[in-house]
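Report on the following structure.
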Amino acid sequence: MSTSRFDIDRENQWCPGCGNFGILTAMKQAFEARNLTPADLLLIGGIGQAGKTPQYLACNMLHGLHGRALAMATGAKIANHDLNVVVSTGDGDCYGEGGNHFLAAIRRNVELTVLVHNNQVYGLTKGQASPTTALGTVTKLQHQGTSADAFNPVAMSLAAGASFVARGFSGQVDQLAGLIQNAMSHPGFAIIDICQPCVSFNKINTFAWYKERVYDLEDAGHDPSDFSAAWAIAMTPASEQIATGVIFAKEGNAYHRRLTVLQHQPLVSYAFDGDKVHSLISRS
Amino acid sequence: MSTSRFDIDRENQWCPGCGNFGILTAMKQAFEARNLTPADLLLIGGIGQAGKTPQYLACNMLHGLHGRALAMATGAKIANHDLNVVVSTGDGDCYGEGGNHFLAAIRRNVELTVLVHNNQVYGLTKGQASPTTALGTVTKLQHQGTSADAFNPVAMSLAAGASFVARGFSGQVDQLAGLIQNAMSHPGFAIIDICQPCVSFNKINTFAWYKERVYDLEDAGHDPSDFSAAWAIAMTPASEQIATGVIFAKEGNAYHRRLTVLQHQPLVSYAFDGDKVHSLISRS
Amino acid sequence: MGHDITILIGGAAGQGIQTIGSLLAGICHEAGLFIYSYDDFQSRIRGGHSYHLLRIDNQPLTGPSLSPDILVAMDRNSFDLYHHRLTKRGRVLLNSDAGDTPADLPENIMLSLPLADLAKSAGGAITANTVAAGVVAAMLGTGLSRARQAVEAQFRSRGKKVVEMNLAALEKGYEAGQNHAVDHTLTFTGFAQERVVMSGARAAALGALAADCRFFPFYPMSPGTPIVTHLADMAQEVPIVVEQAEDEIAAVNMAIGASFAGVRALTATSGGGFSLMVEGLGLAGISETPIVIINAQRPGPATGMATRTAQADLLFTIHASQDEFPRFVFAPGSALDTFHAVKKAVMLSQRFQVPAIVLMDQFLVDSAMTGVISFDPAEEPDPAMETKWDQKETQSSQNDTYQRYRLTADGISPRIHPCTPAGLVRVSGNEHGPSGFPDENPENRCAMVDKRFKKLTGMKEQMTMPDVFAPESEFFLTGWGSTRGGIMEACQTLRQEGVDVGWVLFQDLWPLDEHKLTDLLSGKQLILVEGNATGQLGVLIHSLTGIRHYSLVAKYDGRPVFANYIVDKVRQIQGVKK
Amino acid sequence: MGHDITILIGGAAGQGIQTIGSLLAGICHEAGLFIYSYDDFQSRIRGGHSYHLLRIDNQPLTGPSLSPDILVAMDRNSFDLYHHRLTKRGRVLLNSDAGDTPADLPENIMLSLPLADLAKSAGGAITANTVAAGVVAAMLGTGLSRARQAVEAQFRSRGKKVVEMNLAALEKGYEAGQNHAVDHTLTFTGFAQERVVMSGARAAALGALAADCRFFPFYPMSPGTPIVTHLADMAQEVPIVVEQAEDEIAAVNMAIGASFAGVRALTATSGGGFSLMVEGLGLAGISETPIVIINAQRPGPATGMATRTAQADLLFTIHASQDEFPRFVFAPGSALDTFHAVKKAVMLSQRFQVPAIVLMDQFLVDSAMTGVISFDPAEEPDPAMETKWDQKETQSSQNDTYQRYRLTADGISPRIHPCTPAGLVRVSGNEHGPSGFPDENPENRCAMVDKRFKKLTGMKEQMTMPDVFAPESEFFLTGWGSTRGGIMEACQTLRQEGVDVGWVLFQDLWPLDEHKLTDLLSGKQLILVEGNATGQLGVLIHSLTGIRHYSLVAKYDGRPVFANYIVDKVRQIQGVKK
């Protein structure tokens, strides 16, 4: 394995063979390619195996509650929109417990890079169904199969109005690194749903299963500015084929371009003005 | 105003001229048409002006917390799927605070009729933006305009896999009554997003504004089984024209058809079997 | 009794009774009077019944009164509800637009006027409220010119035409009211520059700004919303962001994210929203991220009574969230105190890197009073001082040696902003080692719990013990938060009746030094006056000091605790009246 | 000391140490021994370190021990961690598959075996754990045939081939272990029909079923998840629905919806999930809808330590949610007690129409013990009796006269199912009148608060006062919930050392009768033993009775409170050892 300035000396707790390793490598690769240093990076983790990612590389780290990574990231970004914020979250974290924040962050178009490690299962809690688990799948807990239709991350992102939607595969590290770079240079909310095999609990969507189905949108000549084409990709059942690459991207004002106060400078860098407060008090 | 067996003698707290009155009338009309009595009906209300609806007609009523109506309704329906459950909720209640339950209830395909009184504003709390408020709209609180893209209820419902999606208008009571009947006979999750003028706080999306834009899908020859056509309708900006009627409907197993235990009989009607429990204890 | 006058303005939602109130408050403020006002309303937008109380005096007021000297009945219903409460000198203005004038009061007491008609003749039906204000100004005898000044000030921003129309309306009203003067001894001095009329909501907003809070994520919930509404209004003038979150969980987690990134954040809600923030409160606790939550209490549980008042979240607030961590809890006693309490909450939250909660309630939020707020604009809320922000940390991010949770003598670790050359900042809601990385080693766990609790010593030192009045008394009215004014006034009345009673009033509630508190309270017979059913302050006092209260005046009907209610109840307590 | 033997099995996650433990537990159970087991593990799926404790005796055991007589080290790390804790008679089985055998123990004490290799020769590497179990069975001298029986029982459902393979592996192991017998005095009797081996998790699941709970909405969270996993396993046999909710807020509101519709519902979570349920708890409170929440505690705040144990949510649980309402709080002291506590929680929640909370913790959930559970299958949890379901309500829905919140002498109103001819049922989380319609009239508000609190009298009567052992003692180890077994054992040891100590152990925690409790505790010197830092039971006792504890043994490192830890700490308390 090649070394990186983002390496840190800390035991990794993921299972050997976990797809998360590929994502971690791709992240480091992308950060290097963007000429970032650890000090330039704020990684925000949810809770779950995916959420552990920020612990495994050199960066500034914010690691909070299950499901709430996007809300914290929104707050951090509003406070200082000069920060490079990347969110590491799981399918349960982002689409399950955090579903409402997922919808809202897209609608605000907060400039975040969101990496959803989508292993179609709750990994850290030992194999229950996640929102992206296919209907009827038998799990460690759902012995008769799950009873809800699967959540379609790409379709939901598009319907919610996301300005950058991509899909990656932890088994295609170079492509994924490129996608992460793209996402980070996108001026708005950028989500990459990443197919990530969980070797311990997902015996269906394995590395081989994905490998058989993935194809590269760039090769296929897909135009990411074409919303209808993007929608068609979103609606293609994953059981058939899985498009990877940038699915959709559009221009749009990021949150911090929508507010006058943030257009001037980051919120954190304003000087405190006691006189203004005083005048507001006097006018009461 | 015609009388109905669903009338009750209770002061209505809505503002004169509020669109909710049309919805209330349509509901009564639909329930009559379906030959229901008050005893047959369970109405579940969220919190907000919309959520007050169950108080204004004769029925069984469950009225709980802001944003949680669909979760309660899911529980009630799992307990006894023979109940006719209709949910009265607002755009804030259902798509804002309750966004995560909205996604999940659709995915479970719980057999509910969900009426979203979508006035594009928080009515009861005096005029803040709701998720369906258009980006940049100036409100009582958002003096510089809202900073989030509007939530598109129809698109989100379709993307989430809803099996019945319709749009109504409180100003077209007969059509709305028909839609409610359709929704109630749909064997699965049925949502009607209802354009509802708020005369007190929404000075943009007024009765006249809607009136100018609405058209009837039946007249237009729309085929509700055509998902692509439905999607096209969802993507049409409301500022141009607003389709009303059944936008999409498909077959599918409702939640209570997905579970073996509920296929036999409602959960509430099983007899308690102490011997089985005893045998489970003994086998520990 | 006193010199004060109470005006009760009753009507349906949407009739603008609050507008009349604020016009009158403006006129009285202009005339150098002290005011105290309170809004009572239902959870609806039109119709029903609500009222506005305005009390005025030549001296500072600490609470409202329920016995009107002037009743402004915008509908017949309001007349029916309140006319029997009129004081002896009382006068009534009844809006006769709806037609039905009640006949059971003599004409010198009651003035029936078709307000809308009068307004129309002044230029516009929408000035009916200004007509009403004019009538009352005349009843008070404020003088027309003073009233004109106030009306001008109120409408100036809306343009000349609106001002003219309202001045005309005012005059119509003033004229009509002139022969109905109320008998009183108030003197109209002049406008007092240094005084402000401050509502609890506005004071909270200003306190936050004075402490350099800049980010206000929130989700609307009565009675928390007015605080944020004030902030949104001010956002045109100060660099702040007010963001409506998708829910309260998002609000609290956004606040934590912003605080981590170096911006002071505050959110306001009511009990239901606070319930949803409880997990986030714990995250602020373990991650040592300062945030402030204002919980404007209302009756519950659950949805409860949306526009009513209560003081029943004290113990919940102190114990909220799984496991244990230090936090601050404040409950200001008046609108003026709210400014300082919120400012203090922000400052101390920053200094000790803990969450702080400010308990308000609908009564406090929707009350306004005249007074002076001292604020020195030069005295900056220096981040370096308040938060131990360490700009001198010499570690470089290359070395990665900065420790966000360094073990220190007082439990407070130097903070640095994330993403600077000074070091990599790692914050976690898992139990973590000094570096911020999750760590579940048992010794580390104990060290971190101890570290967090070490702050308690310093925190307790910052807390002000409850104020005590008449310490030599036998009995003490004992309360916390917004009942302060009512208790003070009740105490006054009772003492005049010869009851040997003082008061003990809490504003800083948690953490308290048990020994100091025991010293202060021991030997005192405490009569609790609380806006809840179980006497939560009593439980707190008992659990901290072992002192049991003598009696409990519990009010839990959703309405404020008025002074006369306390007086009535205390009179009935055994042993109190000799 | 005693006759008991402790086996510690250590290894990495994924090595199946729990499988070895449960095989051995099965063998010992077959041999008529009592067992107590506990799992310690990290929040990861593979690697790291975890261990399983199995203690066995001829008499009932109330807790684990940390000093192994047999150490099964599945990796070198486990050997290094624990070999110094071996008792004098101790033996070690070290898995030498990885190659490196430690040389510092004599061969008669240590047996190094390549378990996977042996397993392969028995037919499959995956039976390595059965080989290990065989070795330990031989060390114990259980006899091979008994061990065979247990292994057969364990694998029967997986088919003949699997059984054969595991029997071969067992024999390989048994053979290898035969010359390494541990010196002990246990006698192997025979299987005792009436006894079960019950974990806290399984007991909770069964208690819920025994009380006719049928709906289990939940969101996974350690250590609550194993309870639901048991239920999911049982769902094949009993008509229940286990539904994974989108979040904990949904879980609690689904439970309320189902309960309203007539199905008993229970949800299980940990502190973080409970925090999210707090608003729903209040809804159950005001709407008087029975639900049960199991909060399996873990260290916090926030994410804390996911797989560790704590007892720090007591005061939070008692005060959780805005405003005030009656609730039950239970904290069973053992796996066997858990069955009864959960059953009682469901029954009483139904009878009084209030929410009930059962506090467990990771230690309790993941502990298993041998014992007898008495349950009479004929004694139905009669809904009519338990819930005052009123089938005789004669009101018809035509008349619409049924009142869900009818004011009654005991505060409990008859319930009927919604959507029946008996009447229209209206339930609200707003303050409501007797009919269930929202009502904000102040008199009604007071009546409803009083109605809800009236239940407290009856509720208190149902609560069992804490058990007291050796009431004549000078000191009392005082605890609640899962520390029970450890405290009992520590007490025994201390008494043998001549310390004058008994114990007071709480399982029913809220609401308690203050007078009864004061009578019970007054004059006693209480030494609190709690799994938290501040001594929450002490705060509760003080606030209820005014009695302050003598001393506090606080353990908050995330690990269970073992008997020997208590003994050590108590010995050091001033005045205890004469």
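Per-chain numbering from 1; labels A, B, C and D assigned in written order.
The rule is short, and it goes like this: a contact is a pair of C-beta atoms (placed from the backbone, for glycine too) under 8 Å apart; a residue touches a chain by one contact, two chains touch by 3 or more.
Just so it is clear, the model here is predicted, and its values are computed rather than measured.
For the interfaces A-C and B-C, the C-beta contact count is higher for A-C. Compared with chain A, the chain whose C-alpha mean position is the greatest distance off is C. One finds 41 Å separating the Cα centroids of chain A and chain C.
Averaging C-alpha coordinates per chain places the centre of chain C 44 Å away from that of chain D.
Per-chain Cα centroids separate chain B from chain C by 37 Å.
Rounded to whole angstrom, the centroid-to-centroid distance between chain A and chain B, based on C-alpha atoms, equals 31 Å. The residues of chain C that reach two or more other chains are 42-43, 235, 243, 246-247, 249, 272, 279, 283, 287, 302-303, 306, 428-430, listed in rising order.
Each of the following residues of chain B touches two or more other chains: 47, 64-65, 97, 99-100, 103-104, 131, 144, 147, 259. Residues of chain B touching chain C in their complex: 13-16, 47, 49, 64-67, 96-97, 99, 122-126, 128-129, 131, 140-144, 146-147, 200-201. Chain D contributes residues 196-198, 202, 206, 209-210, 212, 214-215, 217, 234-235, 237-241, 243, 245-247, 249-250, 253-263, 265, 279-280, 283, 287, 339, 373, 375-381, 397, 400, 417-421, 424-430, 436-438 to its touches with chain B in the complex. Here chain D touches chain A in the complex through residues 14, 42-48, 219-222, 225, 228-229, 232-233, 235-236, 242-244, 246-247, 272, 302-303, 306, going by the rule given at the top.
Against chain C, in their complex, chain A makes its touches with residues 8, 10, 37-42, 44, 47, 55, 58-65, 68, 71-80, 83-84, 100-101, 103-104, 259, 261-262, 264, 267-268, 270, 272-278, 280-284.
The residues of chain D lying in touch with chain C in their complex are 42-43, 249, 270-272, 274-276, 278-279, 281-283, 285-287, 297-306, 308, 310, 312-313, 315-316, 318-325, 428-431, 440, 442-443, 445-446, 449-450, 453, 532-534, 536, 539, 542-543, 546, 548, 556-559.
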